Amino acid sequence: MSKSFRKEFPMWIGLVSGVIVIVDYFFNISILSTLSKEIVQWRNIVAAFALALGVGNLTRIHSHAISQKKEYWFFSILLLVTMYGYLALGLITTSKSAPYRFFWDNMFQPLSGTWYSMTVFYMTSACWRAFRIRTPQAAVMLGAAVLAMLGQVGIGQIMWSQLPAIKNWLQGPFTTAGMRGITIGASLGMISMSFRVILGLERSHLGGVGE
Amino acid sequence: MIRSGRVSIFVFFVLFAYLGYMAMSRFKKSQDLPIRRLAGLDAIDEAVGRITEMGRPAAFVFGNGTLEAQWFAAFDILRYCSRETAKYNAEMIVCNPLAEVQPVVEEVVRGAYIAEGKPQDYNPDNVRYLSDTGLRAAVLGIFGREKVAANFMFGNYYHESVIFAEAGNAVGAIQISGTANTHQIPFFVASCDYTLLGEEIFAAGTYLSRDPAQVGSLVAQEYAKYFAVVIMIIGTIMSTMGSKALDQILGR
Amino acid sequence: MDIKTLGTWVAAISTLSVYSYLYKENALFRAVEYILVGLTTAHLTVMGYQNVYDVAINPVMTGTKVLMIVPIILGLLLYTRWSKHYSWVSRIPVSFMLTVAAAVTITGNIDANFMRQVRATMVPIKNLDTLVVVVGTITTLMYFFFMKIRGGSRAEGNGGPLAAVIAGGAELGRWVMMIAFGATFGSGVMSRIGLFIGRVQFLFGDWLKLIK
Amino acid sequence: MNILKTDIRWFHAILVLVILVPLFRPMGLPLTITKPVKDAYDLVESLPKGSIVLHANDVAPSNEAENWCQLLAMVKHNVAKGHRIILVSTVAEGPMYSDRIRREIAEPAGYVYGKDIVVLPYRAGNETAVTALAEDFQGTYKADYYGTPSSQLPLMQEVKSMKDIAMVGCWTSGDLGLWYIRQVEAKYRTPTVTGIVAVGLTLYGPFQASGQLKGLLLGQAGAAEYETLIKSPGKGLAAMDAQSMGHLYMVLLIVVSNIFYFQAKRQSAAAAGKGAR
């Protein structure tokens, strides 16, 4: 098949489905409405198929590491065994079975929760390292952060009874204004970026080689 | 036919597209780039220079959020970073949390190497799928073991922003970040050397590629912002005087 | 040792291995890191498979919704990536996934994040709060004017009155953003400490039974 | 010695102590009940016995520390008032937490599965999933999380539309509450409350102010306030003193680091001055 067909055909499939979803958003046409709902659901299904690509990528990288005896190759074995073992367990016994739940409850869940909780340590180092009054604007950011922090806990209320009100003021009008300004600008960026993707003007994903 | 409540948005959308098209054709003729330089982008070149000098790798980390426009903007920046690293024979590890874009990420990086005339240097093992929850662990591990000297963080970021930014700092990496997620921008601003705020991540791609379609849509965005400012001023004056007319028209 | 106690021990050891990174990257951490990547990938795939089975495969097999064959075929086409000659075919589903995501981004943003935000700013100015919202939003948006008109006025002093207004507005917008960033950073602290307290309550409560 | 170059791990170690001590020795710092939490409490309090409450449970490991204690507090209140509970989720982990509610709270209180409480499976699709369940609840859930057909669950038979739901609670770190505001509250006027993580105030504050949300629980503090109202101290309340000390510690770090920073800057400026002479 010709080279341009290989490029154009996927683009047209995308264009048609994208346009259907957008037209359905603006216009009430029953057939498009049904189709658009289907398309959005189809996308989620296709995306689920893509998960196997992730499995493939990990398998390739880690079997390389093992066969070439790269540094840490032993851990690659651990990864592959865990991944395929858990995958088999889930596919054979389903995710509701007790053994599957055991690993989910006692490994996945605490590990994942612990990862999130690590943020507090990095917040600590950010507080120590990053908040320096180098410019007047940095001073304003620092001041707002300190007031907001003290205003939202009991100890701040003991220190100064007005702190919660100040915190609410900073997190109210100022945060609304600053974040809304960013949101309006960013939404325009998102719309035009997405529009280019639909029209095929942005096509690095279609085997574009940066031409 | 047209859904109620979406008339004004539809008119806006059509005008937006039309303006973008006009600006695109104008730029094709004049080639005059009408936008200012963004500071964070010079820093990318600086960072690539640094990793080349130090002989340590860079990391490009996507945010953990679902697939939407910020990802596309991140692809554009990834392409630029990959081309720069390919040009100077430096190494860059790409960390991707989302399986559905894994083919795209691989294509972008491979394409950058081909564009630089070095397809043989492309190492697919450096484009790593790490799964959403796994990403956090793996990125910290990669930072710690590979001692990355530069860290690019772009896309749909959540919680992980502060972890990656501070962990990257702990290994001494120069850090450039960008996201449109307002709840994460503060952490990037506090911890990174350069941060692209909100819409700037979309403008970055335009500046880097100078692609007519991108320039065109950036100009359209600019007009839309003028429109928004003017509308907000008029609307506020009107509502202060007690008229809700403009709000009602826009709500049609 | 019953299964519940075993589970708690596994969870506690996993938790401590992760925290060990804060001291130094080490073998225990590395093991947990690799396990977590493997576990998550498998978990997502299992969940994805079950979703595909419920929503697509089953309806096709039982004939209740034969149309669901379309996403199944598209999904399978993804795997042509692994073939040398037909890998271009995988661009069809990739293009489909990306454009639909793009379309959903547009429909999700154009009203909620653009028009509604603009309309929400058109409030009657009654007090300081509303003034801050209106002026703050407008000036922050001015910060994102990328065209050269703004740079011209400030750097070269040749921009004319409009450019001067925009430059001034953008500067004010930067201050507003900095306050917003500080306040948001501050409110983030509560979530982050909360997450850590959750783990501490697990370690010292559920595991060691030292706190209630 | 340059204190600014202190090994950051010392600060991490101190942080652990700062959080641990108040957990072992609570100080009983004051806690003001905020209006949005009181509003949520009043709403639950006002619902008659037997009302059907829909909890959209998007608790996952990432938001467990904040949303889980909020949800528990409200479910305990629901159970105390004899409300019947339906749990749905738009995140994959949600049903596993809902299952814990059934096992750990509802059934010990004498709730009968299928009649007083139902756990429904996860539905992908985010806002589209919410739209679907709002438009056709019984059609969206043909079976429960355990695979029992909905036709065999009496509670499911009672929910013909969202109008049969007395209250919706959304527990999330993301946009879930906004979807319910748009798809359920706006269309069926079902009273909606949301529990969110502390950073979510910017997102939900406006809807609370406009009355679209009937109540709002913000982070662990929201849970702690609710626990105070229902007089059942839980993990949220236990955490509040540690929160206070943690916040104070972070503020001190910022202030102290800046003092040393300015001192160092003055010293280097003075040294440069001498060199110039």
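Order as written gives the chain letters A, B, C and D; numbering starts at 1 within each chain.
We adopt the following convention: a residue touches a chain if its C-beta (ideal position, glycine included) is under 8 Å from a C-beta of that chain, and two chains touch if they have at least 3 such contacts.
This structure is a prediction, so every number in the text was calculated from the model and none was measured.
Counted by C-beta pairs in contact, the busier of B-D and A-C is A-C. In terms of the distance between Cα centroids, chain D is separated most widely from B. Mean C-alpha position of chain B lies 31 Å from that of chain D. Chain centres here are Cα means. That of chain A falls 4 Å from that of chain C. Our note on geometry: chain A versus chain D, Cα centroid distance of 20 Å, whole angstroms.
Taking the mean of the C-alpha atoms as each chain's centre, chain B and chain C sit 13 Å apart.
The set of chain D residues touching two or more other chains comprises 8, 12, 61-62, 64-65, 124, 198-199, 201-202, 206, 221, 243, 246-247, 250.
Shown for chain C are the residues that touch two or more other chains, namely 18, 21-22, 30, 32-33, 36-41, 44, 47, 51, 55, 78, 81, 94, 97-98, 101-102, 104-105, 108-110, 114, 118, 120-121, 134, 137-138, 141, 143-144, 177, 180-182, 184-185, 187-190, 192-193, 195-196, 198-199. The set of chain B residues that touch two or more partner chains comprises 6, 9, 13, 67-69, 72, 99-100, 103-104, 129, 131, 133, 137, 145, 159, 162, 170, 182-183, 185-187, 189-190, 197-199, 203, 218, 224-225, 228.
Residue ranges of chain C in contact with chain D, taken from their complex: 22-23, 47, 51, 55, 108, 120, 184, 187-191, 193-201, 204, 210-212.
Contact residues on chain D toward chain C in their complex (touch as defined above): 9, 12, 19-20, 23-24, 64-66, 92, 124, 127, 197-199, 201-202, 206, 219-221, 235, 238-239, 242-243, 246-247, 250.
Of all the residues in chain D, the ones that touch chain B in their complex are 8, 61-62, 199-200, 202-203.
Those residues of chain A whose C-beta lies close enough to touch chain D in the complex are 37, 40-41, 44, 96, 101, 104-105, 108-110, 112-113, 116-117, 120-121, 123-125, 127-129, 131-133, 142, 145-146, 149-150, 152-158, 164, 171-172, 175-176, 179. Within the complex formed with chain A, the residues of chain D that make contact are 8, 11-12, 15, 29-32, 61-62, 64-65, 93, 96, 124-125, 128, 145-146, 198, 201-202, 205-206, 221, 240-241, 243-251, 253-255, 257-258, 261-262.
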